[in-house]
Amino acid sequence: MARSYNRANIFNWSRRALLGAVAIGALGISGPLLAQSNEPIKLGLLISHTGGDAISGLNGKAGVTLAVDEINKAGGILGRQVEIVAADDQSDPTAAVNEARRLSSQEKVDLVFGPQSSQRTLAVLPVFTDAKIPQISTSGSLEITPQKGPYNFSVQANADAQGYHMAHYVTDVLKAKTAAILTDNGAQALSGVPYIKKYLEEGGATVTGVQEFPFRSEDKTAQLLSLKSGNPDSLVIWANTPEDLGVLMNNLADIGWDDVPLSGPNATVMQAASAAKIADPNQFDKVAGVAYVGWTYCPGDDMTKNPFVEFKERLKAANPSNYDSLLPTISGYAYDGIMVMKAAMEATGGTDPEEIKTWIENNADKVATVSGPMKASAESHFLAGREVLTPILNPLDVNEQGLFKRADCK
Amino acid sequence: MTSKISTGEHMIAARPSTARTGPSILDRSAKIQVVIGIAILVVATVVPSALGLSYWIGVINLATIYIVASVFMGLLLVDAGQVSFGHGAVFGAAAYAVGVACGMHGFSFPVGILFGVAAALVIGILFALPALRVQWFYLGFVTLSAAMVFPQMLFAFDSLTNGLNGISIPFTALNTPTAIGLSILSILSLVLGSLAILTSAIFPKTKLGRRMRVAAASPEAAQSLGISPGRMRFTAFMIASFGTGLAGVLYPPTVGFVSPNAFHLDISILFFFAVIVGGKGQPLGTIAGITLLYMLPNVFLAQLVEYRPLVYGLVAFLVMLLMPSGIIGGIVRWLTLRQKPQAMPALQFSQIVDATQSAKHPVGDIAIEIEGLRKVFGNVVAINNVSMNVRRGEIHGLVGANGSGKTSLLNVLNGFTNSDAGSVKVNGKEITSLKARDVAHLGVGRTFQTPRILEQLGAWDNVQIGLDAKLSPNPTRVSPAFVDSLRDTLGRLRTESIPHGQRRLLEVIRVILTDADILLLDEPAAGLSPEERVAFAGLLRDLRDKLGLTIVFVEHDLDLVARVADRVTVLESGAVIASGDVASVWENPRVKPLFVTVRHA
Amino acid sequence: MWQEYAIILIRGIGLGSVYALIAMSFNIVKVSSGILNFAQGNMFVLGGMLAYAAVALFGQPSFIVWLLLIPVAAIIIAVVLLIQGYLTLLPLSYSDDQQSWLITTMAVSIIIGAVLLLVQGPNALMVRSIFPNVPLFGMRVPAPFLLAIGLAVFWYVVLQWFLSKTLTGLAISALWQDPVAGRAAGLKVRRLQLLAFGLSGLIIGSTGFVAAPIITIASDSAVAYVLNGFVALVIGGVASNTGALIAGPLVGVAAMLATFKIGGEFQGLVSMLILVGILLIRPEGIFGSTAARRV
Amino acid sequence: MLEVSGLCAGYGRLPVLRDVSFSAAEGEILLIAGENGAGKTTLLQTIGGLIKPTAGSIRFEGRDVTGATPEDLVPRGLRLVLDGHRVFPELSVFDNIRLGAVASKTGKVAFDTAVDQIFEVFPILKQKANDKARSLSGGQQQMLTLSQAFVSQPKVLLCDEPSLGLAMALMPPIMNFLRSWAKSGTAVVIVEQHVQLALAVAARGLLMQRGSVVFDGTADEFAAETGIIAAPH
């Protein structure tokens, strides 16, 4: 079954993308006519410029900035230019709340991008809900419901969706009967663990051990050895930083356990390339990860005008100096989030939160996105649901355009 | 180097006595600071509410809470000399307890407050335990690592704390403006903030505050006054945790959310910085500190985003470089340095003892009985088989060259050092196994060779700690008139400006005030002029005759000894070489060459 | 089974040697001026960055080049620490409040972290070791673990020699035992203290450079190293390099064993408990003669 | 060799020395007596460079060294030995002695001969050369501090209360050491409580009271004035 849904989706998606593009083009022209005012639209950028999550901040910022530049070049939204108001949540919920209040009551922003982690999104949700400010966050916690945050939509795959694919790769593709779980002690990874467990057990695999390591710790040998002692047929890993992933791969080789198949989340796909700077690339052919379908290809797919490839080129052009330190994947769905918002505003002809909310719930899938087919509903505001995700094998095995090969290609 | 560690503590505990003395300009500085401080809080709280600036309302509430937390960590640091880099954990525990109680189990906020304060106290106890054993930055690092572990534990026990996802609690009722325009929350934090500022000014003037600072500045002085330094530390941690807890419980309603990530190390460091950068022991200090270190980078310069931490670090660094005693501390110092220090008028000993007074004493005619006492330090025999006794109501002179064991003997007599052999009975009670503070409770008071007039306390406070340690409810033996005039005189003085000679006397007066009936005085007259000595001799006689006190005093000036002592004991290399009435001892050939005085001068 | 413990032991000792080196670099400053430099962790990270810079400049340097680069890195960090030391000691000379270093060193640590974030961004720098992994007990150990052990022993020997055999070293080690007596003896107190700062720079700089492939070189990774270094310092006994040399590995192994047996999430808790435990049982540390305790 | 005139000094705002003047000649031992708090220690520390004088002047070998720090004075040959036999407790006895040579830049040869002399006078130090200084008795530590000063070969030695905290029995060797030291041309200024001990070696005596010199004369005059008979030796 893991095979069936994806192909169908890709097909629909690329076609929709095409339609969407046309539609938006049209709107773009008629935009100025619909505009009620020419005041710039204020976009609050509430991300971690500093602190532990500054990496997400760096990439989210790049994606948002690119989106805004393109929008403004194309005449803005409804003829109004978009102006970014930066705010730093310092990777700290307290600061997040303060800055959220500043953005909503001082800066009077029309919409918000961020925060990029559930702890902070959950913290600021009440603020933006009261102020009725449409919000695009990248948070994976299922505690973020349309009830708690009616105007908040997340472009990040949630813990459930990622856990689902990570577990199903183990049970369906690897057909493994036992698995061990190793995660960093970051919030994102820890919130994934229960879902991974759940789906592993549903798939009939038993969890032989669970271990965690501090962010960016020098050595994971102890954790690995203790997991190895339960000798599982597979290892589910959740490491959010490249250095952790790299060290992990090295440590696996060090203790002679590099033959164990690995299943990781989005992060694994994103981080593999830089992790390989310190780890042996050959090891990665046993590594699977979860990708947005937009990042992937199957031999035979039509590669011309691939949205994600083009996006990467534009991103590189926009960030010539530090492109290498960016993760286009994260920047990608950040970009998508803004584009969804743009489409919603143009379609609803303004910034009315209720209208935007309902429009996105019903029409998100009509928006041309670079990461994959976004879709929301009144029940779920996670734009990147299970369907947008697909397992890939060997995150280093990319085609000349830098797309990842899906694990389920014919 | 142990001594270095302790000086470290003295310094850290150093509260500019300038802001601490009686009814004077300097004290006015404290008053002025309190007024300004509270005024600032009121304005900062009222204005945003009046203008309905919800962002500012939130920011000010939070800043006020941080100020409160800093005030109490400052109390811990300055009054009790305890270094805690982990105060954020106390704060966070309180906040989380409220979050769990109200957010997860639906208790009302008042109930939540109880849970919050309780949680804070628990962490406080956890911090206090190592504090009984280790001090200074060792303690700092223990608390620091505790603060680092705290959020991890919130994760680890997520079944109780809802782990990563944190707890969201609206507390809308608390946040909605009341009739007077302020929300209940704003009122609460304003009141709490004002109380905290008030506390920071008043606490040092309370009996407890004084005793705490004595314990921090000079444990031996504390013990000689019957104070247990350990108990003081523990109390300090409890008070600090209580106050910080109260601040912590206001965090959830202010932010509307608790999450482990909100309570990592940074907040502990912020509190610590705020106290020192603002100015240790200055009521306005924490306000200045939080304004500079929290408001400036996070609010006024919020637009700087990624440059914010740099500002934070630079501000702290530059302030310490330019004003090592902190912003307010620096200003106060600058202001006080510009005033001429007032010289201390000579004390009128004759007036100290009020003739009409008379106290009752323990019965028995032997006050101190020493049998075959021996004390060895390393390979130095400090006290070599000393046997002697001191009759009740007599003035007993202890003479001998420096290092002949006089002070060592006093130290055994008041319980500082335990003897290796022999017995010492005070008022018939064996004390060789007792702690100094218990001996003090038996009515033994002492002064020190280097007087323990602590610059961490105000001039008058240094005397008042004697009254604090009063052993009996009966009226002080010192004439009230004298006490009043002394309070008045010292009230105007800075401790630093008290001459050494006078310091000894103040210490003597302090001991008398404790109602001790046995006084051990270590070179009380050193540095007095001949005239003063005559007067001092008179004082000793008064103490003996009018108050019936027993006095053992170490003295180099044999004329003085001859003038007042009933009996003399001469020590040489820790052994008694002569003992008896002055005349006989004086003619002892072994004694004569020991001392030099100008006969014809 | 025993191989696993053997590996944990070796890696623990390797990592612990890094802590030991940090502790030694604490020591030399501590004995000369009583200052505990909170920014030492950042200096360590800076040392690692130099290793990264070296790779950026020379590609994967040859063994000889690498060997020659160690002293270069050490000296650069030494200069940085000299400047910091000068600024830190500045207020101490005129102020009666001798605690300002507590804040200034912490502040410097914050400043360095902030600057790194600005210039280098949040991503950690990754350095690949120029040495092959070393096969041991059917498993393999990255060379830097063993190099760290070597470096710890090297600096230990050098320090013991310098502090006991040379007059300058002798003076440095004596200073804080009795600063006044030191002054009376005509020692150039300030200059010696600065020298000590420089020396600790040499130690920490070379450590960061050599250990670069196995440590985290990021703007915010310094605190953890300061704390581990301090734990080693206290357990070994403040001012005792022998203590540091033994306690560092002790801490490293203990932390890894805890992870292996109890679980990674309790690593922090365990090392804290070790710290508290030692302080409660033996405040002066294993080899220390100076008590943390104050009567 | 050493001339002090009109010297005033104190701690913070508290004046301790009031207009102190005296001089010490090459090879003579000068005793400064007076009760506690008379300002003896303050005087030595001011001359030694630990305390900045508020008025007056200090001349050493004819050059004005008022306000100079020990860093400058010790190399020039003016060395203060603090009271309370302050050694560096964690260093070995021999290392403590070596430290004496740091500031004075004493040459290897000179140092070795100096050490030989010391070990001759204080054999105990030779025995315990490798023990930590804190393991020594008070008297031995006093010998050590003096030895430390000795290797720096000062022209003027300021010695504060060598007998402080020591058993009398230990004093004669120490006093004799100081005398032979003075014989070698060093001006030795001793602050001492056990006047009769010091008088035995001193050429002149100074008596201080409350910060000022109240008597200055030869040892005999001093004895007469104070009624102290020098201890026999």
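Which chain is which? They are A, B, C and D, in the order written, and residues in each are numbered from 1.
Everything that follows uses one rule, which is that contacts are C-beta pairs under 8 Å (C-beta built on N, C-alpha and C of every residue); 3 or more make two chains touch, one makes a residue touch a chain.
Nothing here was measured: the structure is a model prediction, and the numbers come from that model.
Asks: Stepping chain to touching chain, what's the minimum from subunit C to subunit D?
Replies: 1
Asks: Of every pair of chains, which is linked by the largest number of C-beta contacts?
Replies: B-C
Asks: Which one of the chains is closest to the middle, using the mean of its C-alpha atoms?
Replies: The most central chain, going by mean C-alpha position, is C.
Asks: Quick one: which chain's Cα centre is the longest way from subunit B's?
Replies: A
Asks: I'd like to verify one number: the distance from the centre of subunit A to the centre of subunit B, where each centre is the average of its C-alpha atoms, in whole angstrom.
Replies: 56
Asks: Please work out the Cα centroid separation of subunit B and subunit D, and write it as a whole number of Å.
Replies: Inter-chain centre distance comes to 38 Å.
Asks: Taking each chain's centre as the mean of its CA atoms, how far is subunit A from subunit D in angstrom?
Replies: Distance between chain centres: 78 Å.
Asks: Just give me the whole-number Å value for how far the CA centre of subunit B lies from that of subunit C.
Replies: Between these chains, centre-to-centre, one finds 35 Å.
Asks: For subunit C, what residues touch not just one other chain but two or more?
Replies: Each of 114, 117, 177, 239, 265, 268 in subunit C touches at least two other chains.
Asks: Residue numbers in subunit A touching 2 or more other chains?
Replies: Touching at least two other chains: 50, 185.
Asks: Quick one: which residues in subunit D touch 2 or more of the other chains?
Replies: none
Asks: Following the definition at the start, I'd like every touching pair of chains, please.
Replies: A-B, A-C, B-C, B-D, C-D
Asks: So in the complex, the part of subunit C that touches subunit A is made up of which residues?
Replies: These residues of subunit C touch subunit A: 4, 7-8, 11, 15, 114, 117, 121-124, 126-128, 133, 138-142, 213-216, 218, 220-221, 224, 256-257, 259-261, 263-265, 267-268.
Asks: Please give the residue numbers of subunit A that touch subunit C in the complex, ascending.
Replies: 50-52, 54-55, 57-58, 185, 211-214, 216-219, 221-223, 225-226, 229, 241-243, 246, 250, 253-256, 274, 277-278, 322, 325
Asks: Which of the residues in subunit B come into contact with subunit D in the complex?
Replies: For this pair, the touching residues of subunit B are 341, 378-381, 401-403, 496-497, 499-501, 523, 526-527, 529, 556-557, 572-573, 593-594, 596-601.
Asks: Which residues of subunit D touch subunit B in the complex?
Replies: 12-14, 33, 35-37, 135, 137-138, 161, 163-169, 193-196, 207, 209-210, 214-215, 225-229, 231
Asks: Going by the contact rule at the top, pick out the subunit B residues touching subunit C in the complex.
Replies: Touch residues, subunit B against subunit C: 1-2, 4-9, 11-12, 14, 130, 133-138, 141-142, 144-146, 148-149, 152-153, 155-156, 219, 265, 269, 273, 276-277, 280, 306-307, 309-310, 312-314, 316-317, 320-321, 324-325.
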